């Protein structure tokens, strides 16, 4: 859907997932530090729910691309002409994310069947596929339109490589936070694309051939990433503060002692032990 | 062989190997989980046979490229002109796969001579070489022809990197399944190329300069990969079901208990242990 | 700041940091070999100070780019035109390094909160961002100007990959020395850019379109790296000699015995043990 | 030196080193399998000698590039013109290999000073630098000349990545053999470049703009790699046969029993153990 809504919809999806991850992964990280493998059952259920939500998002995207009034309604060709290829390409992107969601559900639901890491592989493939389609999507467009989509592929290919690394280095909090920040970046950038290409509320059109606009947009992409990093950092701190307070007020599980002992461990790591 | 058969032949080879792998690797995975190193002898023999079959495929390809009626018949140059360079390039691709097959046979036959990992390295080189030759193969062709071959190189370079990783992370089921899916993709895509460039049964020619055809073909490549993933998933499930049923009906080896205990292990992995 | 000072300033920053690292990492390496985790407290304080200095450098850069007489003074657009985009882009580069500095401070100050590796990730992102902005920064400039900045991106993307590897292979002395050499290269190259594009003291202008100048500058970049390697090697040797002498004259910590025993260990590594 | 000798000289250097490595690494591999860390002293001395020879080769290259009759004789510029930039670029390539040789000598001579892995890092840098200079070396040349040098960079960048991996995965026989094959490829390809660009013995000139010549040269590069692989395989087998025979005739160290027991070990690895 080449309009503002068509960019706001996936933008919101990615933003929601990114924000959720920026809560989930710090939570998981502090829990694991506090006490080993305790939330097993609960956590697994949570992962299944998350994957289900992601699948639902993708299915909404699929349906929206096909059945909006000016969509292809599942017609691929008509009298030797391809019908609404743009919508079909977006459909394909959502399709991969739907598959990734389903695989995630299976992985966490039937842990003894699906080998660990397949979920990350398929997620990496889905993200790569989005970048791949975008890359060949933007020929014959005005320079600014082309560039603003090209910037997106940086987030996508970077994310794809990072998620692929998780196949081998699973449960690495740094890679997980990196992925989180890139997903948030993607979300906000989709909104930015919408605002630039389809100005709302009578805002002036952007001159799509002005070199200065392209320079600004490049820099703006960096600023979005700064914002994404700030969001991740803020939520991370929030989780830490909440967990610390819950501990202080009694009823909860993660011990500051545990965190402290871990502190000693990390301090040891920092100062001169050969852990390579 | 720039005709339909010249694409159907390698397509079928890759497809057969891919389908076989989509059975073999799940089988190996569940066997290993059930009981350690039990099928040693048998498995090794199987690997040698597989490698032999792959070598035979490659030799068929080599012979076909050289000795079809309009082939070069081992003549490389004639009166200061190169003879049938296309066939020679295809010949070179098959040659590398033949070498890879031979190295595989040696690796599994004489395990105390050839160091483990050389087989994967040579396979990665063979796949890279195919991509490398295709990449420089397609200059001065119509855009659609160029693009449809370029897409193939994505599968090839991706596969080459993945197989190279297996030098270090050997027997990683995720990398093995990834490789399997890419080989199936390659197989079906060769057939697709054949259908697009040499329409059969009086089907209409494709306009090789139409931008829409290129857009469609790009998306079509993604769909092929979805199909490849579905094939791998289906065969994986099939193997799992068969093994489970064999167990239930008595006479077989892999214990559901073993799978279950492994389940507990994986569940532990999933929930908060630091395994990095 | 498109003048000599605008290149000398970041050049000096990178040079100072590089020189400091070329002392710090050898020191850390020999200390760790001599005795495990001894300087913990002290070292941590040092790391915090270093990160603070880097943050201050970045803030100086930020302020300089904004508030020099011909800077944008925090105005981004004026009557529908972007104001001083060059300065804003440089500002963005410094901003990322400021963030990296802050994260480093947090990592070493509150080791039980920030997960190890996030500091390296953000540093890799900051370096990547610098390369990314430079890459899209140089369109529409004369060939020599373009090329001399493009060469810088080699150091930047190389450095970014190397630092990213440190997320996983932390405290690897080889990667640390590699990073050090690339930072020194960056520092000297900024000075080189300044000298080439804004000749001082009435030196003749460089012909920015001469193919030979471009060839020379490419080679000159290699020479800068030779110089950077020599500086790292010299400082490394210096640290080794000083530590050895301090030992011999009594009062110090690192034992030559320890180094010797380590020698035996490394010799064992070198000769035929399978440490892969 | 833009003539046949200027390509035959480095070609021969690389070929000699490659052939030596194709003997050395198999030898080391079988020794290590037979008995742990036995040849320590001897092996170390050998490594120092090898590094010294490589340094001498590089110094010969440096001197040849500077002091051939039409060389620059250490003059860099003359009346505001750069002097013999081609020779200076080749000089720079040799310079990096000289540095790499010196670092190798230091690493194996003073194992307690230079950290393991620095030798591989510098070698990777030297190879990368060669590729980097070649890449920017070939603008404004006829297509065939450009292409034949571009192919070389494939061997160079591939080699650089592979050697860089050895920083982390040191003493991996597969990576070592891969490096060996690429060095041999480089050696034979330099000779090929010489024959193509400067035909000897009155051989006809190659048409440097003919598309077919470029296609043939691309394929020819693959054939060179086949040859390189065959050479490595032949020498590997030779070493194995010699060691086996020496064992059988009494006086030597490496036990077939040891090889056999290793065989059992590898067979176990091959059949279903989780070694990931």
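Of note:
Note that the chains take the letters A, B, C and D in the order they are written out, and that residue 1 is the start of every chain.
Just so we're on the same page, a residue touches a chain if its C-beta (ideal position, glycine included) is under 8 Å from a C-beta of that chain, and two chains touch if they have at least 3 such contacts.
Computed from a predicted model, the values in this text were never measured in an experiment.
Interface note: subunit B and subunit D, two copies of one sequence, contact each other through mostly non-matching residue numbers (shared numbers fall below half of all numbers used). Using the average of C-alpha coordinates as each chain's centre, B ends up farthest from subunit C. Separating the CA-averaged centres of subunit A and subunit D is a span of 43 Å. The distance from the centre of subunit C to the centre of subunit D, with each centre set as the mean of the Cα atoms, comes to 30 Å.
Of all residues in subunit B, those touching 2 or more other chains are 169, 172, listed in ascending order.
Here, these are the chain pairs in contact: A-B, A-C, B-D, C-D. For subunit A in complex with subunit C, the residues that touch the partner chain are 29, 154, 169, 172-175, 177-178, 204, 211-216, 218-219, 222-223, 225-226, 229, 240, 259-260, 262-263, 266-276. Contact residues on subunit D toward subunit C in their complex (touch as defined above): 28, 31-32, 35-41, 43-44, 47, 80-82, 85, 88-89, 92, 95-96, 99, 108, 111-113, 115-118, 120-122, 125, 129, 132-133, 136-137, 139-140, 167-172.
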